[in-house]
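Structures given as structure tokens follow.
Okay, so subunit A shows up in both of these, paired with subunit B first and subunit C after.
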Partner chain A sequence: MIRHLFKLMWNRKRGNFLMIVEIFFSFLVLFGVSTLLLYFYTNASKPLGFKYDNVWVLQTYSNDMPDAERRERTAQLLKQLRSYPQIEHAALAGPNGPYTRSSSNTELAHDGMERTANVITVQDNAFKDVMGIEMVDGRWFNDQDAFSNRQPIVVTKDVEEAFFPGESAVGKTVMRGDTERTIIGVITAFKPTGEMDDLTSSYFERTALEDTASRAMGTIYIKIKPGTNPQFEEEVLETAANIGTGWTTDLQQMPDLRRSYLKQILIPMIIFAIVCAFLILNVALGLFGVLWHNINKRHSEIGLRRALGASASSVYKQFIGEIMVLATFGLVIGCFFAVQFPLLGIIQEVPTETFIQAILTSVFLIYTLVILCALYPSKQAAAIHPAIALHED
Partner chain B sequence: MLKNYLKIAWKVLLRRKFFTFISLFGISFTLMILMVATAMVNHLFGPENPELKTDRMLYVNRLKMTGNGYTMNSNPGYYILDKYVRPLKTPQDMTFYTSDYSYNAYVNNRKLPLDVRFTDSNFWNVLDFEFVEGQPFSKGDVDGISRVAVINEATRQNYFGNSTNALGKFIEVDRTKYKVVGVVKNVAANRLYTYADVWLPYTNIKEDYRKPQFGGSFEAIILANSPSDIDNIKEEFNQAFKNVIIPGPDAANYKSVYLHADTLVETYIRGVTSAEGEISITMFFTWVTLGVLFFMLLPTINLVNINISRIIERASEIGVRKAFGASSATLVGQFLVENMILTLIGGALGLLLAQGVLAYINSSGIIPYSNLAINPTIFAYSFLICIVFGFLSGVYPAFKMSKLHVVAALKGGNV
Partner chain C sequence: MITLSNIEKVYQTKTIETVALQNVNLHVPKGEFLSIMGPSGCGKSTLLNTMGLLDIPTSGTVEIDGQVIRTYKDKELAHIRNEKIGFIFQSYHLVNDLSVLDNVELPLLYRSGISASERSKRAKLALEKVGLSARTKHYPNQLSGGQRQRVAIARALIGQPQIILADEPTGNLDSVMGEEIMNILLDLNKVDGTTIVMVTHDEGMALKTERLVRFFDGQQVSDSKIFDYANV
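Showing the complex of A and B:
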């Protein structure tokens, strides 16, 4: 039966050429969209590892203030901020916190393996409490860690799993460049580049503000008590301006930063998806029209088959089968192009599994689409009465 | 003759309403998307408030330094512009200003984010801002470090409430009060190099912007005497940057300096490709054209498919016309005209849809202060797109039809 159908369609390949081309391009479009959506979905389904609610980010730029004075003032500002009853925690860290659009990453290495990770420098012990980071193993930093010559770091769980599968990473060392770092703690996850990003690994290092050998950080992450009046923002900025004379400061709420981050990624994606959905709808309508027309043209053939004893359901099945064979021709060519992406590694960021999922999804969608388009015309064909059909010609 | 074609076309359209609907749906949506895209591109690159003289403007805003494994991308600083760009002889005029800084102002316990640019006084000559009230700040204001500001209409509304008069009032930016001397029409946020809410004299920058280092947060726009002068300026510009000496601590880390005077389109291409050399515009347009064609491919094939189906229905008509001596060329012409009519109706629908989409984008605030609209240029482009689309989707079915053998056609045979 199936072989017969293939033969039938192969013989009519010239007449059906345009439909095959149409299905081929529809497949490519669907493959593109589903790759993109699956890529972001996979990224977004991995845990963020922090909580952004009620977190404020205070950026300070000391402009031309001498370094020593800057450090002194920053410490003073932190102390002042922590004394407010509205502030639960305040932490001094690098500028590349969650959703700040600033990022910094580096390679960690162990035993010949390399892994890219975000690196976040914290200058006190409060960052974990501000961001609601959860420990899995070991401990978070304490004041001595800044001066320890073991270069202590805290890593995310996936770094531990990659370098030390099945065992605890605490106390083990990894390499960054040619210096050794000791892992003192493991946290569940930390994705400062946001949920849509594919970089899941991160590690933290601890320096001290009073240690002039390390760079002074200027970003203060503040955890606000829930229900604090937004007016308090102004008070925080006032405090920062009074202590840091001549500084430039900027205060943002992390939920706002997240919103604009998501907007930037989601809006182009939605536009792209809408355009592609329209293309596919267009193709579906066209296929429906053409199939309807083609099947209507084959009245006498259907009449003859029915007169020779074929049941209505076998006529029905034949037409559905024909369109599926047609789709298969288009899909085979389409898949040939699609598999080049993972095979040649054209887009490095997207893992092979995502490509395979995208191909399977698109194949499934195309078959569903053509069957839906063929359903009504085939039903009509099957309902043809042999006597009437034969009479017509 | 044409009148006859029109009549036939109209009758054919009405005969098979479902097919007509599919065709029109495909055509109008395809053309709508292309029109919206054209409007967007025009909004990005075309001459628009305040950059009306885009054909005479060169933008300098991306500095790249490399060497010893280091790469730095930033805006150029005041120092490099002052030292190497200001002495250029060919330009008519030029302006130095900063990229936008964001500050929060607080009005009645409400946060009001403000995008602020620090500019020189030439900024107002090179660009054509539309002043609603007041006037720009002068060279005297800049040199005298006056605390004066030009704001846009939205800021006037948000900061001072519904009053139409903001002149002489004070606006607080980064804890400093500035006196408003002018109010301009809103500039759309996609005008990356001129857009802001507040413009201040650059001498008010708090840090030492004159310090001898190449990186910084400045930008420049160079104005040419005429569009044909653009190439001369580029040449002089590149000549000036042949032998630069990197000052300060950067000298140890960096060897090469890349700074370009680009047209507006080129700055975008450089932003995407981060190319170091000259940009090939032809290459860019080839890619864009290919992209558009690829997008139009699917709807076109779809339409061709439908058209072929519709022609088969009319095989006997074609047979009769051929039997009475109509040449293939006449038949192709007739069918193309019919298809053009269909496309133009679809195009008109698409234009209406595009208006709706653009109005929606403007009101949604996705692009702050955007005023996307269909103007004569876009309309002309859209018309061109319609013609191309109609031709592409009509020519193959028409060709197939004209090749039909008379006898077969009269019998209602297969195409």
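Showing the complex of A and C:
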């Protein structure tokens, strides 16, 4: 019977061309949306590696200030902040902390392998405590690390697994450009670019504010005691301002930064999904109409098949089967295009498995959609009385 | 082979009630070639549909091959139609998007346990029987009316039914083509012993059959043996 339906639909491909095209395009749209959703879902299901609650980000800007003064003021500010009982930890680091919309990445290399990783420079030892980073091996930085010529770094677990599978990375060296770095510690994870991002690898390097050979950092990450009065924000800003004129400061709460980061990703995605849903709804209505029309044109064939021994339920199954065959035609063409993405590596960020999952999801959804559209018209077809259908012409 | 007892068929529409058959008692013995005549609208098609289990009588019983039809379960009726009955229609009812061979194979699709190669072998044999071996790959719209009806006959006989019900099979054909069709039917009846019930408007065709029943207004009005049947 399946062969028969394929033959029948193949011979009717001209008449059903529009339906095949509609199914093809619906598939592509669904494939796009599901690739995106699966991509974000896969990324979001990987550990963030830090805690954003009760973390504040204090930025200082001091464009024209002499470098020495700037270093001195920053040290003073840190000291004052750490004296507040409301502040658990304060860390000086680069501007590219979590959700800051600033990012910096580079290639680490080992044994012919390369891996892209976020680089975060810390200028004291507190960042781990501010962000609640967890060690899995080795240790976090100490004061000597800033001056060590071993160039110590702390890497995320996936870097260790990539470069040193099955062994500890602690004590081993990797290359950044043509300089060597020594891994002193491994942490579970750290994804400063946010949960939706695909870059999971990161490493930290340690410099010192008092070392004029390295650039002075201007971002202070503050861990606030839970339950601190929000008005404490003003006090922190005032403290920064009182240190002297000529620099500006800006304080933001990491949960707020995260919210706006998510909004920036989710809003276009929701709009895209709504547009897609309307498109699919349109296609569904179109399919429904075309099926309805086709079935009405085929009364005589239905009557004939009944006379030849088809039961009502086999007529029903035939019509469902036909639309599935048509969908298969559209899907075969669609899949041909869809598989080019992973085959040609068109979007590098999206892994092959995500594309395959998206293809399978879209195929499943299209079959479900066409079956749903065909249920009612097919039921009508099955209910046609054979004697009347044969009588009509 | 077919026995109709006290058949009555009433069509109920919103506005009117049409009595299509009334008090019909008809026995068609195995192997008989029966023709049915009567004016348009007198219930001939309804009668054939009732015999062919396509339509359910309002009252009365139908007996096919010794089996009284008591259940009107759709699946069972479909099964009996498929196994025992072949239909031929005035307007052929071929599926235009299927080749001649695929059209002929149709009844076997609704029968279980027949392989694709077996289906095609039997379809070719059936087409040979109606003299259309050379047309298996053609499509219905590439054929003349007479050829189309021959395809329809091949389709009716592929399942080797004991009964063929033909509703004005020559109605759309000129006399030469009609003659051809008639000869095939006569052959089927005489050689294979297939029981045939044929509705016709053509007195000449009817006289070539074994027995003629006339209908008027849903009722049998005459029933006569045609004596020179054996000599045709």
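Note that in this section the second predicted complex is superposed on the first by the 392 of 393 C-alpha atoms of A that agree within 3 Å, B and C clash if a C-alpha of one lies under 4 Å from a C-alpha of the other, contacts with A are read in each partner's own complex, and residues count from 1 in each chain.
Assume contacts are C-beta pairs under 8 Å (C-beta built on N, C-alpha and C of every residue); 3 or more make two chains touch, one makes a residue touch a chain.
From a predicted model like this one, the values you see are computed outputs, not experimental measurements.
Of the two partner chains placed by superposition, A:G345 touches none, neither subunit B nor subunit C.
In the overlay built on the shared chain, the residue A:G171 is in contact with neither subunit B nor subunit C. When subunit B and subunit C are set side by side, the one touching more residues of subunit A is B.
In the superposition on chain A, contact of A:A387 is made with subunit C only, not with subunit B.
By the touch criterion stated above, A:L8 is placed in contact with subunit C alone, subunit B being left untouched.
When the shared chain is aligned, subunit C comes close enough to touch A:A307, but subunit B does not. Listing the residues of subunit C that touch subunit A in their complex gives 45-46, 49, 52, 54-55, 74-75, 77-79, 81-83, 87, 89, 91, 93, 95, 97-98, 102, 106-107, 109-111, 116, 155, 159. Taken together, the subunit B residues at the contact with subunit A in this complex read 18-19, 22, 25-26, 29-30, 33, 101-104, 106, 109, 111, 174-175, 206-208, 295, 297-299, 301-306, 308-309, 312, 366, 414.
Looking at the complex, you find that subunit A touches subunit C at residues 1, 3-4, 7-8, 11-12, 300-301, 303-314, 385-387, 390-391, 393. Of all the residues in subunit A, the ones that touch subunit B in their complex are 15, 18-19, 21-22, 25-26, 29, 61, 63-64, 230-231, 233-234, 237, 241, 246, 248-251, 267, 275, 278-279, 282-283, 285-286, 288-290, 293-294, 297.
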